[in-house]
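Quick one: the structure is below, and I'll ask about it shortly.
Every chain is named by a letter (A, B, C and D) in the order it is written, and numbering of its residues begins at 1.
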Amino acid sequence: MFVVMRQGATEAEVLGVKSRILAEGLTPYEHAGANGTVLAVVGELAKRREALIAQFGVLPGVERVTPIQRPFKLTSREFHPEDTVIRVLDAVIGDGGLAVMAGPCSVESREQLMVTADAVAAAGATILRGGAFKPRTSPYAFQGLGIEALRYLSEARDRTGLPTITEVMEPNQVDIVAEYADILQIGTRNMQNYSLLNAVGRVARPVMLKRGFGATVEEFLMAAEYIVAAGNPNVILCERGIRTFETYTRNTMDLAAVPVLHMLTHLPVVVDPSHATGKRWLVRPLALGGVAVGADGVMVEVHPDPDSALSDSEQQLDLAAFAALMRDLLPVHEHVRHLHDDIAAGASGVAAPGNGDGLSRH
Amino acid sequence: MFVVMRQGATEAEVLGVKSRILAEGLTPYEHAGANGTVLAVVGELAKRREALIAQFGVLPGVERVTPIQRPFKLTSREFHPEDTVIRVLDAVIGDGGLAVMAGPCSVESREQLMVTADAVAAAGATILRGGAFKPRTSPYAFQGLGIEALRYLSEARDRTGLPTITEVMEPNQVDIVAEYADILQIGTRNMQNYSLLNAVGRVARPVMLKRGFGATVEEFLMAAEYIVAAGNPNVILCERGIRTFETYTRNTMDLAAVPVLHMLTHLPVVVDPSHATGKRWLVRPLALGGVAVGADGVMVEVHPDPDSALSDSEQQLDLAAFAALMRDLLPVHEHVRHLHDDIAAGASGVAAPGNGDGLSRH
Amino acid sequence: MFVVMRQGATEAEVLGVKSRILAEGLTPYEHAGANGTVLAVVGELAKRREALIAQFGVLPGVERVTPIQRPFKLTSREFHPEDTVIRVLDAVIGDGGLAVMAGPCSVESREQLMVTADAVAAAGATILRGGAFKPRTSPYAFQGLGIEALRYLSEARDRTGLPTITEVMEPNQVDIVAEYADILQIGTRNMQNYSLLNAVGRVARPVMLKRGFGATVEEFLMAAEYIVAAGNPNVILCERGIRTFETYTRNTMDLAAVPVLHMLTHLPVVVDPSHATGKRWLVRPLALGGVAVGADGVMVEVHPDPDSALSDSEQQLDLAAFAALMRDLLPVHEHVRHLHDDIAAGASGVAAPGNGDGLSRH
Amino acid sequence: MFVVMRQGATEAEVLGVKSRILAEGLTPYEHAGANGTVLAVVGELAKRREALIAQFGVLPGVERVTPIQRPFKLTSREFHPEDTVIRVLDAVIGDGGLAVMAGPCSVESREQLMVTADAVAAAGATILRGGAFKPRTSPYAFQGLGIEALRYLSEARDRTGLPTITEVMEPNQVDIVAEYADILQIGTRNMQNYSLLNAVGRVARPVMLKRGFGATVEEFLMAAEYIVAAGNPNVILCERGIRTFETYTRNTMDLAAVPVLHMLTHLPVVVDPSHATGKRWLVRPLALGGVAVGADGVMVEVHPDPDSALSDSEQQLDLAAFAALMRDLLPVHEHVRHLHDDIAAGASGVAAPGNGDGLSRH
């Protein structure tokens, strides 16, 4: 449930309500937005719901209590109507601009990374990606350079000024990865690895959460909810294709998920056409498609010599192809950036997103 | 197999090859393109394949025989490298421009159709859609006005100059629908209704074939192959979403299918965001997405008063929303139209699409 | 809505209610079961629902009017609590016994069919299957022997005493197929070919409807509803696998659909492990699985020499393997036949299946 | 690749081959079966493959080197033709008998567990299940009693003699869970949590690995390969339903996966109809279906009062229903247990499973 405070409610009144929430064995989360403060109340409400609404509704400073029963709360636009904007070094994600994350699938050597980093920076990428710990279907496949790769990423950041993003695969790795990298990535296979979600929820680094290839939009948001509830509000969602019966592409990119997520949540949404399609020549059209439906950013795998890559060689762009892609993306982005504003406005406006949107209530 | 004739082969040489193909109990299909004539040979080859390649290869005028074994032949770019361009009245589909098919899900009354037709024509639509015979999941739901609707469509065409498209549901309806409408539509549930495919393959009207919601790209092309093999080369493919585990949208729009189809076939490809999403507010972003990935056209359901529509009321745009959509689509289309040329060029160029494209061979 | 007549209501009272239903522009369907007569009312009720319930509720002989809003009505257990039992020659489907339909994918020659028919009859099959008109993904593949095959099927029936089942692909074929065959089959690709469903709804032959490989259970029942509403109550449902991301088997056999259908409908349910798996060695375990979950019958493709078959050679059993299968099936069937009774009893009992069963209401 | 040693090869010869494998930077895994010793060679072979086959082929004691390229090696029947049989206390899994794992979804209290344990033991269950750490879609839902639950499980084992199985969710929990429980379970969402797979690969406890709801059979085996490669050969596979478009059941139980897995791997296979269907009344038919297709065991959720359960209340059986289920399962199992032997024999026999089985090679 959400306790909406009156415009101009005092700090003491907000504290008073939070105390009462805690006294009931529940947890209050506060969002102080342009239209005033909202407190999300989470915990086992069950049969007390009606009684608590009545009780909280009469506390000083409270305007109303809304019994919203969506399963995701802190990630919902109802709690936090304004877009979340994430800033890392000079990169910004979620402010209406286009973030471009580019770099190799795996960091394979110092030289491979520096060459790629220089090239993607020159072409206009805003964030450098590179895998250090690689989740591989086979235990016998290349598993990444590990900490050595983290050091190279750190050096590449110093050299180019681009913040870096890399995947973290287990709770024990979170601290070391957070020491070297600027954004932590949770991979598709770990989207519901709750221990890991809790662990990245406790560090001061933005997290990019990739959608599970078998996960619904609702489950995707519930996974993000774990991270935010654990204390980290800076979550970037990444649509990277879902598994369907179609086998021509590796996965089926669900581009409708981008506006759907923008309606339901305040978190920024990025698309990953490299993993979604698994085919190099499809990256350009699908990156454009992702921008056209309103994505806040694009993640693209780039390698100086894709055919010799140690992982995902079929889907990485070479440096020239990435530069060409950048020239296509920006003008399309300019033409559609007003679209997102309309959806976000609709979501937080009169037509309450809690109704008629096809999501389950819990 | 394809028999590629020499540049400058004479008509007599072509005829000679066709005779030999027929003499073997096989059927030749001829495509006279800019780079010379190609004959597709269809029928049961099985174990004769090698012998026939040798035999045909030495006939006068033959440059080479290529043992391509894809299941689709006449619809493939190997047979027909140039884009198929379809012209109906003043509308053109497949020439690099953007075709826009708009109109109500069902024709519900003369007035409803005329109001919609005038509005979509004024907003820039190039083709008028409207359902006369409606395939409905329930036998008790509104099944369309039938022939009465066909007459209204005909009147609306005379009034606006827009060619019309409407669905045909069974072989016996093909003649009457072809009498009134300019383009025949095959619905998603009938994509593998082979009797119907054969029937529309024998009329002199372009056919728009919607992808089955459970069909792969390869099966989609095999269904188009039925129509072309029956004698009708003017087939438009329509991606309208596939069925997946995601339930927020009615279907999952497979936008990667657009460039994939452009690589594999010369037929134009249109997207239908109304049926793909089932939600009015998603039509705009997904129409833009479809244009961005290179679609030759967009089909959109438009109704003067969507909330009172007798079918699909959740997904139809009102007249003002359609006009707004048109203002968004054209500039995005301008920025991406060169993309399709690259894919088509790649498909018919050195990197033979027969290799490494992930499709099965039969 | 269902109008439930009092036990002992007179024929005149039933006629009186039917007249009132017709007078409202609606259609009454009557089911006279062991517990009295029920009238299903179909047509556009919309806003009149409440008024009609009140109106019909006070007519002479009416016990109650139940405003059930499931999309399927005549096929539901609420309308028709007893199992539908279908008898064709000596074969019975739906009485608690095990119907076994066996024979070649395609009838390829007189001899191939007679050899197979004799062998499956000797092994205990109760119905002979054989394709005459074949729906094929490719227009260039073997399309069946057509009427010649129908004549062979007819001869094989006379010879073995087994009733025959064969597929009908278009409305124009229904009469000729019904002349020669005992049961008409609708294939998976035609499950939503509404013209065909209406056509087989008007003949005096049982129809076996195969589930569309992309269709939900609810859509499957809606397709059966078309046939029953058109006048043919003898519909057999066949689960034959659905399309999923798993590619090891051709389709994924949804065995849970068998008890689910038994709960929701009175129609008999058969399984087809040959098409569901596409692999010969999986037919035996999956046929057993189908029987164990309560299927009323099994359809199996059998060929004297599967490796030389003109279609589906990978999945047909040879004669010896079929005989071995029969020896496995019957004892398992004996052990589980009480299961189905429990589900049917639960479905028509106190725990009304209209509640908490996860299906949508329309 | 597999190095097959001659029957009667000496220990010294085997050691000699292993040394050479290690000297090449590769890892040898040894299986000493009834037909002699096989060494699986894993690591990056790539272009050396041919050279290594020639080199190893002439070593003393080597019969042949087979260049099998399946992605799973140690879990394949080619490496290990005999069934893996797992023994824990008095329970046996994989010997042709039927293992039955029963107990509550979550351990909710000491009393709830003891009552359930006594009842399932009396009814014939062979293993006691109970959740201590619960992976939940929502961060606000009941997360399990943790270590307290582990202690109750331990007490219940002492009381009933049944070995216990419980889920472990992160690497850090493995030691504590292994201290209290007899079998460790990896849940469906963690099937590709590679850190966790490695961690359970290093303890001396059998592991039951649940199939990811979005995972193919091949990916399922690759996940098991991680555990075996890390040193733990005692892995039980559990089919628990995959995600499809069908929404009537929670998941679609893929019963064909059971014989497919028996063909491909020597590991035992168990089915979980509770999670696959999500509906109490479907557990009985689907458990029977699982047994009929050859499963080595069944896992069933049982609760003394399902309606008051803190998790999965919709799918748990009460004590009486579980006892009734046990009475159904055993006779069906008796009738089908020879089936599995045939498949296993086929898999390890002449018709090498490496050919024509539809799986990819890497």
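Keep in mind that, in the parts below, a residue touches a chain if its C-beta (ideal position, glycine included) is under 8 Å from a C-beta of that chain, and two chains touch if they have at least 3 such contacts.
Being a predicted model, the structure only gives us computed values, none of them experimental.
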| item | value |
| --- | --- |
| Chain whose Cα centroid lies at the greatest distance from that of chain B | D |
| Chain pair with the higher count of C-beta pairs in contact (A-D, A-B) | A-B |
| Centre distance in Å when chain A and chain C are each reduced to the mean of their C-alpha atoms | 47 |
| Computed distance of Cα centres, chain D from chain A, in Å | 34 |
| Intercentroid distance (Cα basis), chain B paired with chain A, Å | 37 |
| Residues within chain A bordering two or more other chains | 214, 243-245, 247 |
| For the chain C and chain B complex, residues of the former touching the latter | 42-44, 71, 73, 135-140, 142, 169-172, 189-190, 192-196, 212-215, 219, 222, 225-226, 229-230, 243, 362 |
| Chain D partner contacts - residues on chain C that touch it in the complex | 214, 216-218, 242, 244-249, 252-260, 263, 276-277, 279, 281-282, 284-286, 288-294, 328, 331-332, 335-336, 339, 343, 346, 357-359 |
| Contacting residues of chain A [partner chain C, same complex] | 243-245, 247 |
